[in-house]
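Please go over the structures that come below.
In the two complexes below, chain A is the common chain; its partner is chain B in one and chain C in the other.
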Partner chain A sequence: MNVKREKLTTLSFFLSPMAVMVVLFYLVPLIMTVYISFTRMRNWNVSKYLTEFVGFYNYHRLLYMFQHDPTFKAVLLTTVVFVGITLIINVFGGLALALATFFIEDKPASAFRLLWLLPRMSPIAVYSLVWYYFFHGSEIGTLNSILMKLGVISQPIPWGQIVPWGAWSIIIFVNGLVGVSFGMIVFTSALNQIPKELVIAARVDGASSWQISRRILIPMIRWHLLYVLTWQFLSLLTTYPHLFLLVQWDLVNGDYGTTLALYVFNTAFGMGEQDQGLAAAAAVLLSVIGIIGGFVTLKVLKFERMMKRPRGDF
Partner chain B sequence: MIEMVRIILDSITKKFDDFIALRNISLKIEDKEFMALLGPSGSGKSTLLYTIAGIYKPTGGRIYFGDRDITDIPPKDRNVGLVFQNWALYPHMKVFDNIAFPLELRKVPRQEITVKVREVARMLHIEDLLDRYPWQLSGGQQQRVAIARALVKEPDVLLLDEPLSNLDALLRIEVRAELKRLQKELGITAIYVTHDQAEALAMADRIAVIREGKILQVGTPDDVYYRPKYRFVGGFLGNPPMNFVDAEVDAENGYLNVYGSRIPVPAQYRELVEKLGIKEVLLGFRPHDAEVLREKREGLAGEVYSFEPLGREQIVTVSVDGAFVKVFAPEGEHFSFGEKVTVELREDRIVLFDKKTEKALEFLV
Partner chain C sequence: MKDVETRPRRYSRVIILTILLASLPLIVGFSLLVISSFSTEMVTNLNPSSFHLTLENWISVFHGKLATTGGIRAPILRITLNTLIVALGVAGVVTAVSALAGYSLSRVNFRGRKHMMILLLVLHAFPGVALIVGVYLLYRLTFPQSMDIVRLYSFMYVIFARAALEIPMSVWLMKGFFDTIPWEFEWSGIIDGASRITVWRKIMLPLIKPGILAVALFAFLAGWQDIIYVRTFLIDQTLATFIEANIEAEFSHMPMIAAAGTLYLLPTIIFFITAQQLLLQGYSGGIKG
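And then the complex of A and B:
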């Protein structure tokens, strides 16, 4: 009895810092968001609206907007396209880079990988500015000026204002470039864990680099693939800084450059009328999608199998 | 497997940046021969094996399989089977798929693959394991799977890189005998890299002793064991290894002075010592080529430093005026610490080395 208690004390001692963090920065905001989504909270007028319950009013509004508001429909469609395509680029781009650098010599490989880390290392504003000028709709835009010099086009094209695919292409491109490095790093370290004899054995048996990748390397790093897929899915679902700047600077179309995450931010903290109740409801929707997505990877793709039960004797 | 596969290495050199891993290695491996590359770790023996497999390209020299110059041919076209120390089985594939993989790469029809995999599995007694994953097998079983995978494509040459060192001692001795038999039954040319001198002696037709990227000696187990070309070879082979003691040559009277003891110059060296006019030599003898005697006789006089009974025999360490030599003595003989004894050497087995080059005298001329 006493021993058990002692264990409990030790356990809570070691777990408490993490528990405090989770409660303070995850559980409390989550509860607050859910709570606010049931109020008429707007313009941060806490004293007036905090206790004004409206039931599922905000959720009904979301549903109504989903049915009738073309702007909100565009936001949802943009979210699906953006998350879907950027996810594929992030995961498979990262995989392709990791595999490509796996088969070349160490020195050029690490230089090449460093290059791909640059977007991740540069501040968001600086990085976004680079692409702002690149895709700019006037003749000062790099892309436009190149194409005009080459004689492909005679008038500058406002790329980001072509809806939907012009705007989508830019936000997918800009975020995709940031995201590949994450997958690349994870996959590279996973590939380096594979004993080199496996690759040598396959080579001697006549396997090409492609066959080695497909038959040996990729199956052996499938857990990492799954991990990066889940991680990138969740982070793409909730990311908005690059999108915010690109829309704010009017590089891309507001409707087709805005994902649900950015919509939540704009609705709660944006210019003009702020509607925290509606934003909270949309945020809850976003969380539910994230939780379902996470759950699907956990259960359906058998993510839990890679989690080994601890073998400590206590 | 029908054609003759003789391997010829013609002055192979391999450099990694500034590091010279192989220095001018020339070696001929006969058809169906079992050749061991024996050396301490870092000697370059694995590098040599990988160069033969085609994974490393030699910096200089040529490699021939039969009459074919394969120096610039990629590994997959050399038709070699490779077995690794860590076996390198694909963990996500079942045993069947592991063995079938080389055939799949060759686009062999599925039916033929099944037949061939079953055949090689039967040969290695693993036909019951085909449906398991590598992690469900014991070390010895994984080892067999690795050999099966190397053999299934009927290679011209079987290359083995310390395939037994991950097994425990008892199993190693068992597999050793089996592997030797398998190689002879298949009649396949095999090159076997090992740092374990007992393995090399037990299995190989010939042994190439390698140190620091150079071949010191090539010969039958008997050759390298009893007629070492260098002091290093004598010291590397045998357990316990060869004993070495300093000796001064008294050519006039035909004696060797060894720490105050006098023994005649061995008959096989008399002419040579005279011809070379050598003054100082290193005398080498195997622990079983000597006897520890209590009575005073012609030999090395010393006292018992320690003794280690090993069941069938015992190792007696004798201090000869401060230099230690190890000698096998029969069981049942009882020694005590500090006892005065004489170590009598079997004359025809004595090897004399030049002190400077550490080369056996017969190889000096």
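And then the complex of A and C:
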């Protein structure tokens, strides 16, 4: 009995800070978001609307908008296109980078890996600023001036305002560069765990780098491919900070630069009329997709098998 | 990879050149930003004639001036300090919480351990935007009445709320670092009669110093780069909201914003130079779980 109590004290010492954080900033907010989705909350007028129940009104509005509102349709279409294409770029870009750096000397390899971490590590505002100048619609825009020097265009073009593909290309490009590093790092650490003898043996037999990648390396990191694919899918579905700035600065078109996650944020916190009830309802839908996706990921990847019991504890 | 010696040398040159080409937009984009901050005009148009070396932008930024003419001033040092407070706060909270939780998940066998770890993974993948609506309502409901502590409260709140986002991954990362320490160190302490808490503090923490450093570094960068939480909850301005607010303002001088951006990028660059191995290892460790 005494031993058990001691263990309980020890455990609560170690785990209670985390538990408090999870309850305060995940559990309670989640319940509150679901709650708000059933109220008429707008403009954060808490005292007026917090107790004004409207049942499934916000969800009905979402359904109605899905059928009739061109802006909301654009947002959903953008979400699908953005997640789909960026995911492919992320997974294959990451794989290409990991394989390419695998075959060169250590020094340039880590330099390149570090360089590709830059988009993820630099402040979101600075990273967006870089691309703001790059794709700017006037002559100070780097892309415009390159194309004008080459004589492809005579007038600067506001790329982000060309709907839908101009805006889509920019948001896919900007987020694509951020996401590539995740795949690169996972694949690199997976490749480094493959016994070197396999590669050396293939080399001795005269296999090219391409053949080694295709027949040995890629089949051996299949689990990691699946892992990056599913995980990156979830994070692309829910990412919005970079997109937020691009839309806020008017670099890309508001409708075709907004994904569902950004739509939720802007509806709840954006300029002008805010509608937290509607935003919360959309957020709940997004969460349902996220949670289902998360559990499917865990099942597919058989994460549970990786969690071994601590062997030395008594 | 060092140990494959049979491979022809010239191929690796081709590969390096290919990656370099693919990385070109990144290199060009960031370089133009930094170079523009030292020029009187933006050099993003790739015209060499727009480059005139000057330190004017940096001097103006440190004086808090935003425009070449006009009297609008922003307390840039104060703004930088705000950013630093948030980043250090997030780093402190995340490191402390994950060093505690990571140890017990790695070393103590208890009921619900597995579920807790799965829960953390699911929380990590959970849509942050669904949370922020609720987190804001909690903020409003707990907002202090007294005006004196309002700013302090907004700092505290943004630190804890932002730290919470980093906690699931950091706990996994920290658990991974604890996993690498042989049990013998721990047994020797326990046999001498020390409690698990003492063992954790006296034996384990010194052993995983690199891990603690890595987690702290990532958490610091997460707090430093954040814009969404800062602009939603913090009353004071940080570098992120400063840049966001000024980019479209008519009175602002573009190269000065570039200088402010470069200032904001400085810690990232410093970490890149000083802590390369930690960054690369930390990431792979964290992602492997």
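As a convention for this text, the second predicted complex is superposed on the first by the 271 of 314 C-alpha atoms of A that agree within 3 Å, B and C clash if a C-alpha of one lies under 4 Å from a C-alpha of the other, contacts with A are read in each partner's own complex, and residues count from 1 in each chain.
Everything below uses one rule, namely that a residue touches a chain if its C-beta (ideal position, glycine included) is under 8 Å from a C-beta of that chain, and two chains touch if they have at least 3 such contacts.
These figures come from a predicted structure and were not determined experimentally.
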Partner chain in contact with A:31 - chain B first, chain C second, else both or neither: second
First, second, both or neither for A:284, with chain B first and chain C second: second
Contacts of A:204 with chain B and chain C, given as first, second, both or neither: both
First (chain B), second (chain C), both or neither touched by A:157: neither
Which partner reaches more residues of chain A (counting touched residues only), chain B or chain C: C
First, second, both or neither for A:195, with chain B first and chain C second: first
First, second, both or neither for A:46, with chain B first and chain C second: second
Chain B and chain C contact sites that coincide on chain A, given as residue numbers: 200, 203-204
Residues of chain C touching chain A in the complex: 1-4, 6-7, 11-12, 15-16, 18-19, 22-23, 25-30, 32-33, 36, 42, 44-47, 96-98, 100-101, 103-104, 106-110, 114, 116-119, 121-123, 125-138, 140-141, 160-161, 163-165, 167, 171, 183, 186-187, 195-197, 200, 221, 224-228, 232, 239-240, 243-244, 247-248, 254, 257-258, 261-262, 264-265, 268, 271-272, 276, 279-280, 283-284, 287-289
Chain B - residues contacting chain A, complex: 50, 53-55, 75-78, 80-82, 84, 86, 88, 90-92, 101-102, 105-106, 149, 153
For the chain A and chain C complex, residues of the former touching the latter: 6-7, 10-11, 13-15, 17-18, 21-22, 24-26, 28-33, 36, 44, 46, 97, 100-106, 108, 110, 112-119, 121-126, 129-134, 136, 139-142, 144-146, 149, 177, 182, 185-186, 188-189, 196, 199-200, 203-204, 209, 231, 234-235, 237-238, 240-241, 244-245, 248-250, 261-262, 264-265, 268-269, 276, 279-280, 283-284, 286-287, 290-291, 293-295, 297-298, 303-304, 306-307, 309-313
Touching residues on chain A, where the partner in the complex is chain B: 195, 197-198, 200-207, 211, 215-216, 219-220
